[in-house]
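One chain, subunit A, appears in both complexes that follow, with subunit B as partner in the first and subunit C in the second.
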Partner chain A sequence: MPRIGPRIMSEAQKIHRYLPLLLPECRSIAASLQELKWIKNELNSPRKIHQACRLRGLHYPLQYILGSQPFGELDVICKSGVLIPRWETAEWAQDLADRLPAETKMTVTDLCTGTGCIPLLLKYNRPQIDVTGIDISSKALSLSRQNSKALKLELHLQKQDVLNNNEKIGSGIIDILTCNPPYIPRRDFIKETTLSVKLYEPRLALLGDMEFYKNLVEKWLYRSNSFIYEVGDISQSEYVLKEIQHHTVFSSLWHVGFRNDSNGHPRVVYGFRKEGTSHNMSTIFQNYGQLMH
Partner chain B sequence: MLRRCTSFARPGMLCISRRLQSNTISQFTELHPSLTKRAEKYVDELAELEQWLANGETFDVEKQKKFSNLSAIVDSFRQYQNDLGTYKELQKMVNDDPSLRDEAQQEIQELEPELIIKSQHLLSQLLPPHPFADKACILELRPGVGGTEAMIFAQDLLNMYINYANHKKWKYHITSENPNESGSGIVDAILSIDEPGSYDKLKFEAGVHRVQRIPATETKGRTHTSTAAVIVLPQMSEETEKDSDAYERTFKPDEIRIDVMRARGKGGQHVNTTDSAVRLTHYPSGIVVSMQDERSQHKNKAKAFAILRAKLAEIERKEKEDKERAARKDQVTTTDRSDKIRTYNYPQNRITDHRCGFNLHDITGVMAGERLDDVIEAMAKYDSDKRAKDLLRAVESA
Partner chain C sequence: MLRLSFLKRYFHLNSCVSIKKSKLPPRPKLTDEMESEFEEKFLHGGRGPGGQKINKCNSKVQLKHIPSGIVVECQETRSRTQNRHIAREKMAFKIAQWKNGGNPIEREIAVLAWEKQSKRSKERKSKEKHSLHKELKRAEELKRIKEEEEILFRLTQP
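== the complex of A and B ==
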């Protein structure tokens, strides 16, 4: 990213002495002023505000500084070491929550749950459903427990390696399987992620390519009724589509669809069983995205 | 006024003032029968409502409100009728009984002004209430001509309304505020006053406000004239997410467009943005609402929808009003949004409302929100008088 010109810097300095600290991350004076307002709103002592602005100057995420990030209607606690929930995730999760039947009991399992934002948002909107979060990181697990307590929403948690020990996770058929797996390939990591993400967010939650999508087709499809996986690239959606299309059994059992976020980027690959489910999945997923198979 | 004169006047003057007063007696006219009929309808309605309230076990806020409104009207109607009865009897005496004529004449003179006040009061109560009279309101402020000084004045107006709300002990919150980048004044601001009925008070604030003063930015001591525009909208819903979601579903997908942050790059895990700005575009009306004050995109969207809803409601009301006016072939000029409604002249310490010609020499008091009520009440009185006249004319020509 280009450096901020000295003229803008001095202009910012005139408005508020902390603004030049915020400029490298916020990029414009208007955005910096907005952030400064939020920082001032949530932190009370001048020393803390100064400290926060200095950290922002080092591209440290605002969500770790203020300790929270809005996710749909929820305010999710954020801590260093756990991925910060993104608005794109909130968007598809909120839409999914609105589509779930208001009364019916269902089971939802969220893999790579991180802060627990996805299952908590679903539970908040549909209190009758039963939600479980799985993560391999103990930091993530303790944070999601904290979030579940703070939001007063019941969330079952299990520390497990999704890729290797999937058979130890839960039992029986899962109605809805959600997952926001690490999906940035190592070769793209340096080039395509922003500084703040690269420096301060856990690589465990970021770096990955097809592992989780492969794992989905091999281990999860036979024991779930539907799945919603976030993707970072269309190739990941296409991989899942191809695997199911070419599968001797799943091909006739499953529908697969793609969904874009409102920025126009491929964001979700989802699928559901054509029949044999206790809930009518095709009505839930009607127009959720574009059906490909 | 004339009656007060008499106390200062010499005895010889008395007859003059008396003569003038007797002129005003002939000026008093009974309310038009159709208006009396309207009032009688309210009496019946009140009786019905009383019956319902006496029987009903359930408590209905709407009905209670209606009850208190109706009983106020009926009260003043009864007083008016009472006085009118006495007045007629007295007049009959003047005509029929020469022995009592003088006394009756004197009583008429005493009764007369009261009767006029009562009939005017009743008339203003009979006016159809404003459709948003019981709503809370939203004030939108924007600087007009005058550069930075206009921005500072817009900020001053915002502070004035905040002070006014504080003075009235009304709840309010700033929905959005965009400060001028150089730090003084505002580019725009939206202030929500959450008190039900505040729309009725503040509706006359809509229009262009003009300021005449030596700006803080002026180096040579010259007086400048700048303006700021105020838009007053009714609050149709709360700024909550649940309300906005339900409201969002009432639009067809091709009527409304919701834009969020458009970042370059791949989005998702690749970037961690704090930008939560939301922009709504309503195609049929061309209204665009941007909101970026909250960290939560969802809250920004809810706020934007609340503003959109208020704007659409106001447009609808205006259209309806215009249509009614056209139907009546009214010649009455209305204040346009572009008309300046008020001047704040600092050197003369004067505030003038151009619509009703009201002057007040207390800038600090008004800006502190303490005496804004004086200006608003003058305007409210002017408005109800004007509407009463319109109503009378309409009734008489019908």
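== the complex of A and C ==
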């Protein structure tokens, strides 16, 4: 990334003395001013504000500094060591929440739950559903427990390795299986991931390729009625589609669809059983994305 | 008739209507019909990869009212939900202005008058405070002079 020119630096210095600290991360004066405003709004002591600006200059994520990130209508607590919820995730999760029937009881399981943002947002919008979060990281579990308490939303939590011990997770059929797995392939990590993410967010929650999508097809399709997985790349969506299309049993049982985020990037692969479910899945997922199978 | 108008000059009252902040004309509201005429965009600094690869803090909301072509943007807060809300408030205001033929709406005029009034009342209060202060000071001065005179008087007295 190119350095910030001295002229812009001195111009920023004239506006506010902390602004040059923010420039390396925010890149423009307007964006830096915006961030400075948020920092000032949420931190009260001048020392803390200065410290925050210095950390931002070192590309430390703003959400870890301020301790929270808006997720739909919720304010989710964020701590170092757990992935910060993204707006893309909030977008598909909110749309999903709006589609769930208002009265019907359902079970939702969220794998790789992290802060617990997805199940908490669903529970917030549809209080009658039963939500469970699974994660392998104890930091993530304690943070999601903290979030569930702070937001006063009931969330069952379980520490499990999704890839190896999925038999031990939950029981019976899951109505909706959601997951935002680590999906950045190692080859893209250095080149495409921004510095702030590379340096400070947990690699456990970032690095991955097809593992979780393979695990979905092999282990979870038997025991769920629908699934929504976030993807980083169209190849991951296509992998799931191909696996189901070519499967002797699943190809006749499941519909599969792709969904883009509002920036036009492929963001979600979802699927639901054609029939035999207690809830009408096809009405829930009508126009959620583009049906491919 | 002539005398009456002559008198009027002397009895003229420079009264101003007091405006209460809680009783301003309401903020313009959005109707469902307007909502259907909107085109909403979420701008996150567009191109390039997204998702886990980038951690964007801002979420800009852009709202366009198609019949009038008014565009409103909002990125005041970190929350998209809140930004959408604020953008709609701004838009309702702009649409009301547009429907009024580009002239300021009732609320705007009232708010302006209220601001003027509060400024005036602030000025008046500060003036009162200052004059009170001056008076007190003068009284003190008088008292001091009196005391000094008394002392002088006692000194001159054998």
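In the analysis below, the second predicted complex is superposed on the first by the 293 of 293 C-alpha atoms of A that agree within 3 Å, B and C clash if a C-alpha of one lies under 4 Å from a C-alpha of the other, contacts with A are read in each partner's own complex, and residues count from 1 in each chain.
The working rule: a contact is a pair of C-beta atoms (placed from the backbone, for glycine too) under 8 Å apart; a residue touches a chain by one contact, two chains touch by 3 or more.
This structure is a prediction, so every number in the text was calculated from the model and none was measured.
Participant: Taking subunit A as the common reference for superposition, should the pair subunit B and subunit C be classed as clashing or as fitting?
Facilitator: clash
Participant: Could you say whether A:29 touches subunit B, subunit C, both of them, or neither, answering first, second, both or neither?
Facilitator: In the superposition, A:29 touches subunit B alone.
Participant: Is A:58 in contact with subunit B, with subunit C, with both, or with neither (first, second, both, neither)?
Facilitator: neither
Participant: Would you sort A:173 into first (subunit B), second (subunit C), both or neither based on which partner it touches?
Facilitator: Touch status of A:173: no partner.
Participant: Could you figure out whether subunit B or subunit C reaches more residues of subunit A?
Facilitator: Of the two chains, more subunit A residues are contacted by B.
Participant: Is A:15 contacted by the first partner subunit B, the second partner subunit C, both or neither?
Facilitator: It touches subunit B, and subunit C stays clear.
Participant: After overlaying the two complexes on chain A, where does the subunit B footprint on subunit A coincide with the subunit C footprint?
Facilitator: The answer is residues 31, 34-35, 38, 61-63, 69-70, 72-73, 75, 83-84, 86-90, 180, 182-184, 192-194, 196-197, 201, 205-206, 230, 232, 261-263, 265, 267 of subunit A.
Participant: Which subunit C residues qualify as touching subunit A in the complex?
Facilitator: Where subunit C meets subunit A, its residues are 41-42, 44, 46, 48-59, 75, 77-82.
Participant: Spell out the part of subunit A that touches subunit B in their complex, as residue ranges.
Facilitator: It is residues 14-16, 26, 29-31, 33-35, 37-38, 61-63, 69-70, 72-73, 75, 83-84, 86-90, 94, 98, 180, 182-184, 192-194, 196-197, 201, 205-206, 230-233, 261-263, 265, 267 of subunit A that touch subunit B.
Participant: Which positions of subunit B touch subunit A when the two form their complex?
Facilitator: 179, 181-183, 241, 245, 258-263, 265-276, 292-299
Participant: Quick one: which bits of subunit A touch subunit C in the complex? Just the residue numbers, please.
Facilitator: So the residues of subunit A in touch with subunit C come to 31, 34-35, 38, 61-63, 69-70, 72-73, 75, 83-84, 86-91, 180, 182-184, 188, 192-194, 196-197, 201, 205-206, 230, 232, 261-263, 265, 267.
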